[in-house]
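Chain nomenclature is as follows: A, B, C, D and E, assigned in order of appearance, with residue numbering initiated at 1 for each chain independently.
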Amino acid sequence: MNALAVEIPWGVLLAIKAVVILAVVPLGALVLGYTFLLKMMSHMQSRLGPMDPGGFHGWFQLIGDGIKFLQKEDIVPDEADRRVFALAPTVVVISTFLIFVVIPAGPRLQVANLDVGVFYALAVSSLSVIGVLMAGWASANKFALIGALRAAAQLIAYELPLLLAVVGVVIQAGTMSLQGIVSAQQDGAIFGWSGIGNPFILTQFVGFLLFLIAAQAELTQTPFDMPVAESELVAGYMVEYTGFRFLFFFIGEFGTATAFAALAATLFLGGWSIPGVHGTAADLLGPLVLVLKLMAVAFLMFWVRFTYPRLREDQLQALAWKVLIPIALVNVIITAIIKVAI
Amino acid sequence: MVAQNVAFGILALAMVLAAIGVVRTQNVVHAALYLVVVLAGAAAQYILLAAEFVAWVQVLIYIGAVVILFLFGIMLTRAPMGDLEGLNNRQGLPAVVATLALIGTLTALLVDAFSDQEIVLDAPTPTADIATQVFKVYVVPFEAVSILLLAALVGAIVLARRD
Amino acid sequence: MSTTEQPMTPGFEVDPAAFRHLADAQVNVELDTGDMILNMGPQHPATHGTLRLVVRLDGERVIAADPVIGYMHRGYEKLTEFRTYPQVTTLINRIDWLSSFANEVPFVHAAEQLMEIEAPPRAQYIRTALTELSRIATFLLFLGEMGLQVGALTPAFYGFRDREHVLNLIEAATGGRFHPNFNRIGGLKDDLPWGWIAETRNTMKIVLDACDVFEDLVVGNEIFQARTRSIGIIPGELGASYGVSGSNLRASGVDWDLRRDGAPYLAYPDLDFQVFTHPDGDSFSRYWVRLQETRESARMVLQLLDGMPAGPIMAKVPRIIKVPEGEAWVETENPLGQMGYYVVSKGATGPFRVKIRSASFSNVSILPWMLRGVYVPDVVTILASLYFILGDIDR
Amino acid sequence: MADLATLTSRITDALGDAVLDAGEARGTLVVRVRPDAWRSTAETARRTLGFDYLSFIAGIDWMPAPVVGLVEGDTSTPAQPSDMTFGVAGSAGRFQVFAHVQSTTQHAGVTFRTDVDEADPRVESWVSVYPGADWHERECWEMYGFVFEGHPSLRHLYLPSEFEGHPLRKDFPLLAREVKPWPGLTDVEPMPGGDDEAGEEGAA
Amino acid sequence: MLLNQFLILAAILFGIGMYGVLVRRNGVLVLMSVELMLNAVNLNLIAFSARLQETSGQVFSLFVITIAAAEVGVGLAIILLLYRNFRSPDLDEVHQMKG
């Protein structure tokens, strides 16, 4: 369906969808992701702080954090380029939200079922680099600039393995539409046995690993968080941001993490599908299943994030170019050969 | 169809203004950011023209890579904050004349040649069609472009490396 | 007496290519984009304090680094000339504030030498135990914090968590967590509280477990090794001529520990302990050596608890302390390295001149040499692995 | 630990006529050398005697502190003798530089000491022998005003670059007890309700 | 939608791009102006492809995008080289090749 060529109810439809994207998704992503991951992290690291506010497991922490960010003074450095400085967090957040547009939560629960869904998701996710570079340059701070340059170099380098990891899935499913990929997994069969469909994690395990590693780098999370390395660049491109602008980056960070987890769940774990459940039941259960799978992936990503040290910029580039991309290419070739052979 | 024309109008206006921004601004980084607007507008125009795949390629390659490269290059060469003097040479007036002449001529020609042509679209172009075209009809140019890319890659590395 | 056997050092050597950046030759730059001067500090998380590093960068590489210190200079050497001996101990507590107790020991020892008195054996043992406890507390912080500087968040939390137990012990014995001021010339202020020895035994188990955790979580991590191996190499001979001391020098293969090799002090001659060295001299070996020393310290504390003699904790000391004329130089192996006091007395109630030789000052003075040609992220690892305390640099 | 007597003879033999005096300070050997042999002492110590480790370089001012600004009967400040006496191995005058070097293999150490002329405080620099002498000599220079000849960049280490005076000299008042305008004080707004003299004084 | 609205937009963009190439002295900005012109060409290709219901226009625009990426890569490398040698990204200062 052509996104802008929808017939008459498109205005109403778009408004409803916009509300869904702008209110439900980020809120859900934030509350679920942040709460779950923060608690998980607190348990892993024996952190006392986030477990304290409000009593039971520190449930008030999220609200308290929000209030804290909103009441902070909004500081713009004197030397900063004010317009670019103000615009940068918005670009990052928009790029995050645009990814959610194509992620299906059920057979009919999707904002837009694009023919090139995966491709679209990866394309818009690369927009956030612009925001990062804008933030780094406009802050008029050397730490921010170095952070932004590192971020740009890293995001460009890891875009390739990310795309190539997805190519394997696309070849196997024969479509770039996310809905199509989900149904290919739901209706697939493993050696003729269709009991659990064919989640691509089984056949594309290498792709799954590559996707997770590259996604980790795209999210600038440990072990690839050189751009924000708090021990040397303080917070990289975010160093001059305070208050709600910083909150925007924060939402962007956790939102993108959720979005990539959702993408991984959709591409490799079957997305919303439950074997044998179709129609309205799938529409009702789909979101729940998707969230569960998404959380499993997010758990993995954050587990790594809170355990590993970070790689140096040159090591990180070497990993992308010398290890990940060759493996991804071999994976694509093998997948293609098998696809043609069968 | 009205909606599409309205969308076209808004996008076209934004693109032209941003394009003027690219060539007029005194700040190099702002120029790159204006370029993003032009490129995003072009991608939106492609969607209007039912070329979805090309639109997202445009976003991924142009905005996600080319502009990033631009910004990268600018920042590596010490883009100063604020406006720069002397970004333009002194050929401003002749250039404006030449540009207006070019646009005028082209517009007159186009109005003369294609004023009755209308675009009627029913569905977005299936991506599979493009794939078929690339790998069946244009497979030789495709390979040529691949080799060109490789050569450019090697060339860029050789140029930028200091020995 | 102590043993000198070489421990099981892992079987690897520094990649010779790593010495490339140590050469005086021009820094090799791949993409010369003009120099940038980056001011790290005085407020910067990697300098944990107010150290300022003026770093000249080409891209990500450091061409030259100049440490600027003095933001915390408190003029202790001048202040000591206007204080009586008991007053001075409260001051020097604040030199290396992470292991304050260990700071007091050499000064008190110097005063005791000048007065020709000696603290009773029980006081010596308690002093040794508390010194080793402050070493453990300091090193636990390092073991966690080094992980943080390399980018891993979790070790820092573990380090702080386990250090808390040790600080509790110090607090229980001295009444102060950070600045005990517990030493008196001729002994200690108080005896140990009830149950302290049993509690210390338990805590040492926690410490030994924590060391195993760090071994797995940090030392065994491939990324940590990739970030620290062959990074920030101090050749042993050069390190010595810069006055780099303590674990930093031992990590460069110099087998020299004042607890074993210096003039005998405290209860160290009675203890059986191992001195760890590492041949590489890089950031990784500094971490490794400190990890082993934390373990060894815990074992030493257990030995001290076993052999703790009974008896008084104060020698006979006149009410007003007047130190006879003379000079004394006392050096001890502090957590950060060699800590020494050159005390000159003119027979008054206060010292005439005290030269405070603090470890971090010399350890950091090698930075301009070390940081040449490394990448910016490595600056942070090198700073963290040298492990300095600003109060110990600036005095 | 090497025996003190053998160590003494080893050092005095190696240094020859550079040695003016030698003594013992509670188990530590102190050797006083001629000022013009200060650098050659370092070279001999490092290359011949094997003292590879530089512990510190510092200065000392043997002049008794003038008792200034003290209230009568204040016991918190120790009273020092008022006549000039010298420590182990003696001194020719008010100023001396002393340095402690050690050996990491022989596990021995020695304190070298040399006299510095009060009118023209110049010492040879040790930087070319022990690179670690760099910061110690800078500190000594700003604290005592000794000029280390041959030091590559004698800059302020601890104190702000516009600081005046040499704080560790005995005639420099302890600023906690003597009021002196803060050197960095330039732009002070007068306090509300008077006392704007202090601000002007600081600005001057 | 008329075909011409796209074509005229493309013509205007092309003109602006040409103006940029003529007027700008900074190498990076010249490259950007070239990108504007290339985009105008692409718009033409896509518009005709839509008008003729024929996908080869889109295929060619893909080729153009690819080549543009390669061009920017090499172009920026050259500009960095210039910057390294002349300490300025200003194209007019490169007189040396005039001999």
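The rule is short, and it goes like this: a residue touches a chain if its C-beta (ideal position, glycine included) is under 8 Å from a C-beta of that chain, and two chains touch if they have at least 3 such contacts.
Treat the numbers as computed from the prediction; the structure is a model and nothing was measured.
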Steps needed, at minimum, to go from chain A to chain D via contacts: 2
Chain pair showing more contacts of the two, C-D and B-E: B-E
Inter-chain centre distance, chain B versus chain D - centres from mean C-alpha coordinates, in Å: 70
Distance between the centres, which are taken as Cα means, of chain B and chain A, whole angstrom: 27
Averaged-CA centre spacing for the pair chain C and chain B, given as whole angstrom: 60
For chain D, residues contacting two or more additional chains: none
Where chain B touches two or more other chains, by residue: 4, 48, 50, 53, 57, 65, 69, 72, 76-77, 121, 160, 162
Multi-partner residues of chain C (each touching 2 or more other chains): 31-34
Residue ranges of chain A touching chain C (in the complex, touch as defined): 44-47, 142-143, 146, 222-223, 225-226, 229-232, 234, 306-315
Residues of chain C that touch chain D when the two form their complex: 69-70, 73, 75, 77-79, 81-84, 87, 113-114, 237-238, 240-245, 249, 254-256, 261-263, 325-329, 331, 338, 340, 342, 344, 346-350, 352-353, 355, 357, 361-362, 365-366, 369, 394
Chain D to chain C touching residues, read off their complex: 1, 25-28, 30, 46, 52-56, 58, 60-61, 64-65, 76-81, 85, 87-88, 98, 100, 104-105, 107, 109, 111, 129-132, 134-136, 143, 156-160, 167-168, 170, 172, 174, 176-177
Residues of chain B defined as touching chain E within the complex: 1, 4-5, 8, 12, 15-16, 19-20, 22-23, 28, 31-32, 35, 38-39, 42, 45-46, 48-51, 53-54, 57-58, 61-62, 65-66, 69-70, 72-74, 76-77, 84, 86-89, 91-92, 94-96, 98-100, 102-103, 106-107, 110-111, 114-115, 117-119, 121, 125, 129-130, 133-134, 137-138, 141-142, 145, 148-149, 151-153, 155-157, 159-160, 162
In the complex, chain B residues that touch chain A: 3-4, 7, 27, 29-30, 33, 36, 44, 47-48, 50, 52-53, 56-57, 59-60, 63-65, 67-69, 71-72, 75-76, 79, 81-82, 121, 123-124, 126-127
